[in-house]
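For reference, the structure is listed below as C-alpha cells.
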Amino acid sequence: MKIITLGKLAGEGMANLRARSGMGLTAITIITLAFVVLGLFLVLFFNLNSLGTSLAQKLQLRVFLTDGASIETVGESLRSLPGVEGLEFVSKAQALEELRKQLGERSELLDLVEENPLPHTYIVRVREAELIPGIAEEAKTIVGVEEVVYGRESLGKVLDFINTVSILSVVGMVIIFLATLFIVVNTIRLTVIARKEEIAIRKLVGATDAFIRAPFVFEGIFMGLASASLASLLADFTYRLVLERAPQAIPFLPILPREAVVPQVTLSLLGLGVLLGIVGSWVSVRKYLR
Amino acid sequence: MKIITLGKLAGEGMANLRARSGMGLTAITIITLAFVVLGLFLVLFFNLNSLGTSLAQKLQLRVFLTDGASIETVGESLRSLPGVEGLEFVSKAQALEELRKQLGERSELLDLVEENPLPHTYIVRVREAELIPGIAEEAKTIVGVEEVVYGRESLGKVLDFINTVSILSVVGMVIIFLATLFIVVNTIRLTVIARKEEIAIRKLVGATDAFIRAPFVFEGIFMGLASASLASLLADFTYRLVLERAPQAIPFLPILPREAVVPQVTLSLLGLGVLLGIVGSWVSVRKYLR
Amino acid sequence: MIHFIDVSKIYPNGSVGLDRVNLTVEKGEFVFLVGPSGSGKSTLLRLITREEKPTEGKVLVGSRNIARLRRKEIPYLRRRIGVVFQDFRLLPKLTVAENVAFALEVNELSRKEIRRRVAEVLDLVGLAGKERACPRELSGGEQQRVSIARAIVNNPLVLLADEPTGNLDPETSWEIVKLLETINIRGTTVIMATHNETIVNTLQRRVVAMAEGRTVRDEVRGSYQQ
Amino acid sequence: MIHFIDVSKIYPNGSVGLDRVNLTVEKGEFVFLVGPSGSGKSTLLRLITREEKPTEGKVLVGSRNIARLRRKEIPYLRRRIGVVFQDFRLLPKLTVAENVAFALEVNELSRKEIRRRVAEVLDLVGLAGKERACPRELSGGEQQRVSIARAIVNNPLVLLADEPTGNLDPETSWEIVKLLETINIRGTTVIMATHNETIVNTLQRRVVAMAEGRTVRDEVRGSYQQ
C-alpha cells in the first residue's frame, strides 16, 4: 500500500471518529477512565512488588549470646550456616542504646538500672524468607547461643497478603483490559455497521481487505492512544495526590517515588492503547470482510 | 399493556440475548467482571468508612499529673472543658503495669527500678478530632497538670488519607458504572441495529413506543441482573479470600466481617444491574423511535 | 376520506417533495399515482402514514388533520392504514404466518383471534397452505402477497402501495394488481404509486399524475401518458 | 470471454439458485437476462463477481476459473467487472464525483489521474456539471447514471446490470438503456437482468431466458416472451 494511501486511510479513520463524535467521545472518555483505574492498579502492583522485595530484604534473625560466650566463635558458626547472607554484631552497650531510643521520653527509667541486662546480639541476614525457621533451629544448637528470635509467622503472613492483593490487582487489570477491549470492539463495530453499505460497495469495486480494514484500525489506534495519553496524565495526577498524603499517613508502608512508577505506567498504557486499537478493530471488521 | 403481552415481550428480550448469544455472553461476562471490581470498591468503601469512624472514636489525649496533685480537682477541671466527652483515670501503678506489658520479655528491666517513675494519668475522650489541639492547650494551664500528650498530626493525616482513598474509590465506582452502562448501551444498540428493519415494520403496522421498547428493556434488565448475581457471588468469594488472610497480615487494620458487607454489596449490585439495564436500553432504543 | 389541502413538503435539505398539492380520495376508490422519478409520489404516501409531516397545509384522514397528530396517537392512525412496498419488507426469520401475525400483535389480540384472522387473510391472498414457509422459500410474487396480507389483516381503511410490482416480472405483477383489485372491490380504498405503463393503461382506473411535486393530471379513467 | 460450464448453485438453506447452467458470452456482446422472479438471474450475476461460489461446475472469466480463485485475488477480479444495481447503491454523503472516484481509490491512482478519469466518465454518462451534487439532489435516472459511471470508470471488461431500471419510470429507463448501449458500442460487454418487456422487445438483442435456475431459451435477436 502506498504511503499516501495509508495517510488518506488514517485520515478517514480520524474522520470516522469525528463523524460519530458523540459516541467516539463517550468511548474515549470511558476508556480513559478505565485506563486510569488500570493505571492505578499498575501503580498498586509496582508498589506491592517493591514492598514485597524490600520486606523480604529486611528478613532477619536476632541471635542473643550467653554472657561470656566467644563472640568470634559464634560468629564463625553462624556465618557457616547455609542460607546466611551476612552478620551484623550489636554489642550489649549498643543494644542498651537502642532500647533507650525506643523508650524515648521514658528512657530515664534505664538510668535506674545498675547493670546492663541486655545480651550481645548478632543480626543475621538471610537469603530467602522460607529458610528462616530452619536456620533459627540450627543457630539454637550452637554453643554460646542463648536464644534466637525472628518475626515468626507474622512476616510470612504479610508477604502472603501482599501476594494475594498483587494477584487480585493483576486480575483487576485483566478485567479492565478486557472491558475496554470490548468497548473498543463494540464502538468500532457500530462504525462498521454504519458503513456497511460503503464496505459492501468498496468490496464490489475491488478494494483489498487491507484497504477496507485500514481506516478502522486507525480509528482504533487513535482511540487507544488518545485514551492512554489522557489516562496517563490523570493517573500521574492521582498518584501525586496519594504521594502527598501517604508518607505521613502510613509511614510504615514505603511508597515508590513518581519517577519510579509514572514512566512505566505511561509506557504500559500507551502500549496497551495501541494493542487495544489494533485488536479491537481487527475483531470488529473481520466479520464484514469475509 | 396486557400482562400476557408483557410476558411475550420479556420472552422476546430473552430471545434477543440468546440470538446474539456470542455477544450477549461476552457482554455479561465483562459486565460481571466489572461488577466484581465495583463490588470490591464498595467493600473497600464500607471498610474505609468503618475504619474512619472507629479511628475517630479512638481520638484521645493523655494528661500526666504532677506528683501530689489532687486527682479529683484536675478531673473536675478537665471534665468542664468544652468538647470533652469523658475521662478515664490510670493510676501510677496501672501505668507501670501497662509499660510492663509493652516491654514484654524485657520487662524484668522494670524490676530493677526502685520507685515507680510514672505519673498518674487521665485519658480524655474528645468529641471531634479538630478540637484536640485546643483542649490540649487549655489542659496544660490547669494546676497539677505536668504534661499533655496526644497523637498530634499523625492521626489527622491518617484520617485525611482514608478520606482520599474513599473519594478515589467512589470515583472508581462511578467510572466502572459508566463503563458498564456504555457496554450495555452498545451491546443493546447492536441488537437494535440488527433489528432496525423489524422496528421500522413494527412502527409501520402501528406499534406503540412502549411495545417496541419493551423487549430491549427486558434484554437490558436480564443482562444487568445476570451480571449482578454472578458478580455478587464472585465478590463474596474474593472477600472471603481477603478475610482469611488480612487479619493476621495487617492486624492493625480492622476489617468488617462478611455479614456486615456482603448483603449490602449484593443488594447494591442487583439494584445497579436493573438500573443499568433500564437506562442502557432506554438510551439505545431512543434514537430509533424518534 | 383522504384530503390533501394545499400541502407542501420541503425536506430539511431543501429538496421539494410536494408543492401545494390538493387531492381528494373517496372511500372505495382505486387510484394510480404516476409520474417521473422524484415527482413526489412516495412523499405523498409518506404524509398519509405520518412518516413525514407536511411543511404546510392539511392532510385529513377521516376527519382528522393528521399533521396535528400528537406522537402518541400515530400508532393508532397507522393501524388503520395498510402499506405495501416494492421490496416487500418481510422479516426473513419469521414464517409467513408469523410475518402476518406481527401486525396483529401490536393490537394485543388473543392468540386464537390472531390465528383466525391470519388464516382468513392468507386464504384471501391465495397463500393458504404456505403458512409455515419462510420468505426465502417463496417467489417474489408470493412474498408480495404476504406483505399485502400483512397490510390488510388489520382491516385498514386504506391500502397504500408504493411500486408494489417494481421487483416483479410482468406476469407476477399482473397477479398482484388483480389481488389489489379484489381487495378494493371488498371495500378498501387503494392508492398505488407505479411506473408500470402497461398496468395503468390496461386497468383504466383513476390516474393522478405528478411532476415536480405537483399533481398535473387527474383522470377518472386515465392512462399512464397524457 | 465469460463461460459457465455445468454450473450449479445450491444455497446453504437448500434453495436452488442455478441448475447445471451452460452459457457463453463473448467479448462485446449485449445480453438480456430475463425470467420470472426466483429464476436465478441475480445468482448468475453474483457468480461472475465471485460474491457467491458455485456449488458445482466452472465459471471462466477470461481464461481463469474464478471458482478456484483465492480470497486475495478476488479484488483484482472485481476491478475488471463493473456492476450496476436497481437501487443505485450510492453513498449519500459523498458528491457525484466522489462516488465515482471511490472506485478508483482502491487502485491507488494519483489524485490527478483520478480527477481526469472521473471527469471523462461523467462526461460520457452525461453528468458533466453535476460533479458537486449529492445523490439526494438528483433524479432517479441521474443517480443510476452516477452508478453506471462508477461501474465503468475502471474500464472493466464486462458491465453487469441487475434490473437497473426497476426503480425508474419508462422514459428514464430508456435513457439508461441507451447509455448502456453506448457503453457496449465502445467495446464493453454488457449483461443486463431485467423484467422490462418493452425494452427487451424493442432492442432486439441477444436474450437468455431463465426458469427455475436453468437457461431455457437463448436467442440472438430475442424478445421477452417466447
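Things to note:
As written, the chain order gives the labels A, B, C and D, with residue 1 at the start of each chain.
To be clear about the criterion, contacts are C-beta pairs under 8 Å (C-beta built on N, C-alpha and C of every residue); 3 or more make two chains touch, one makes a residue touch a chain.
Computed from a predicted model, the values in this text were never measured in an experiment.
Chains touching both chain A and chain B: none. Centre-to-centre spacing of chain A and chain C amounts to 67 Å, using the average Cα coordinate of each chain.
Measuring from the averaged C-alpha position of chain C to that of chain D gives a distance of 31 Å. Chain B and chain C have Cα centroids separated by 61 Å. Those residues of chain A in touch with two or more other chains do not exist in this structure.
For chain C, the set of residues that touch two or more other chains is empty.
Taken as a graph of touching chains, this assembly forms a single closed ring in which every chain touches exactly two others. Here the chains touching each other pair up as A-B, A-D, B-C, C-D. Chain D meets chain A in the complex at residues 49, 71-72, 75-79, 83, 89, 91, 102-103, 105-108, 150, 154.
Across the complex, chain D is touched by residues 1-2, 5, 8, 197-198, 200-209, 211 of chain A. Residues of chain B touching chain A in their complex: 26-27, 30, 33-34, 36-37, 40, 99, 106, 108-110, 112-114, 117-118, 153-154, 157-158, 160-162, 164-165, 168, 172, 175-176, 178-180, 182-183, 186-187, 189-190, 193, 238, 241-242, 245-246, 248-250.
Of all residues in chain C, only 13, 15, 34-38, 86, 136-137, 139-141, 163, 166-173, 195, 197-198, 224 touch chain D in the complex they form.
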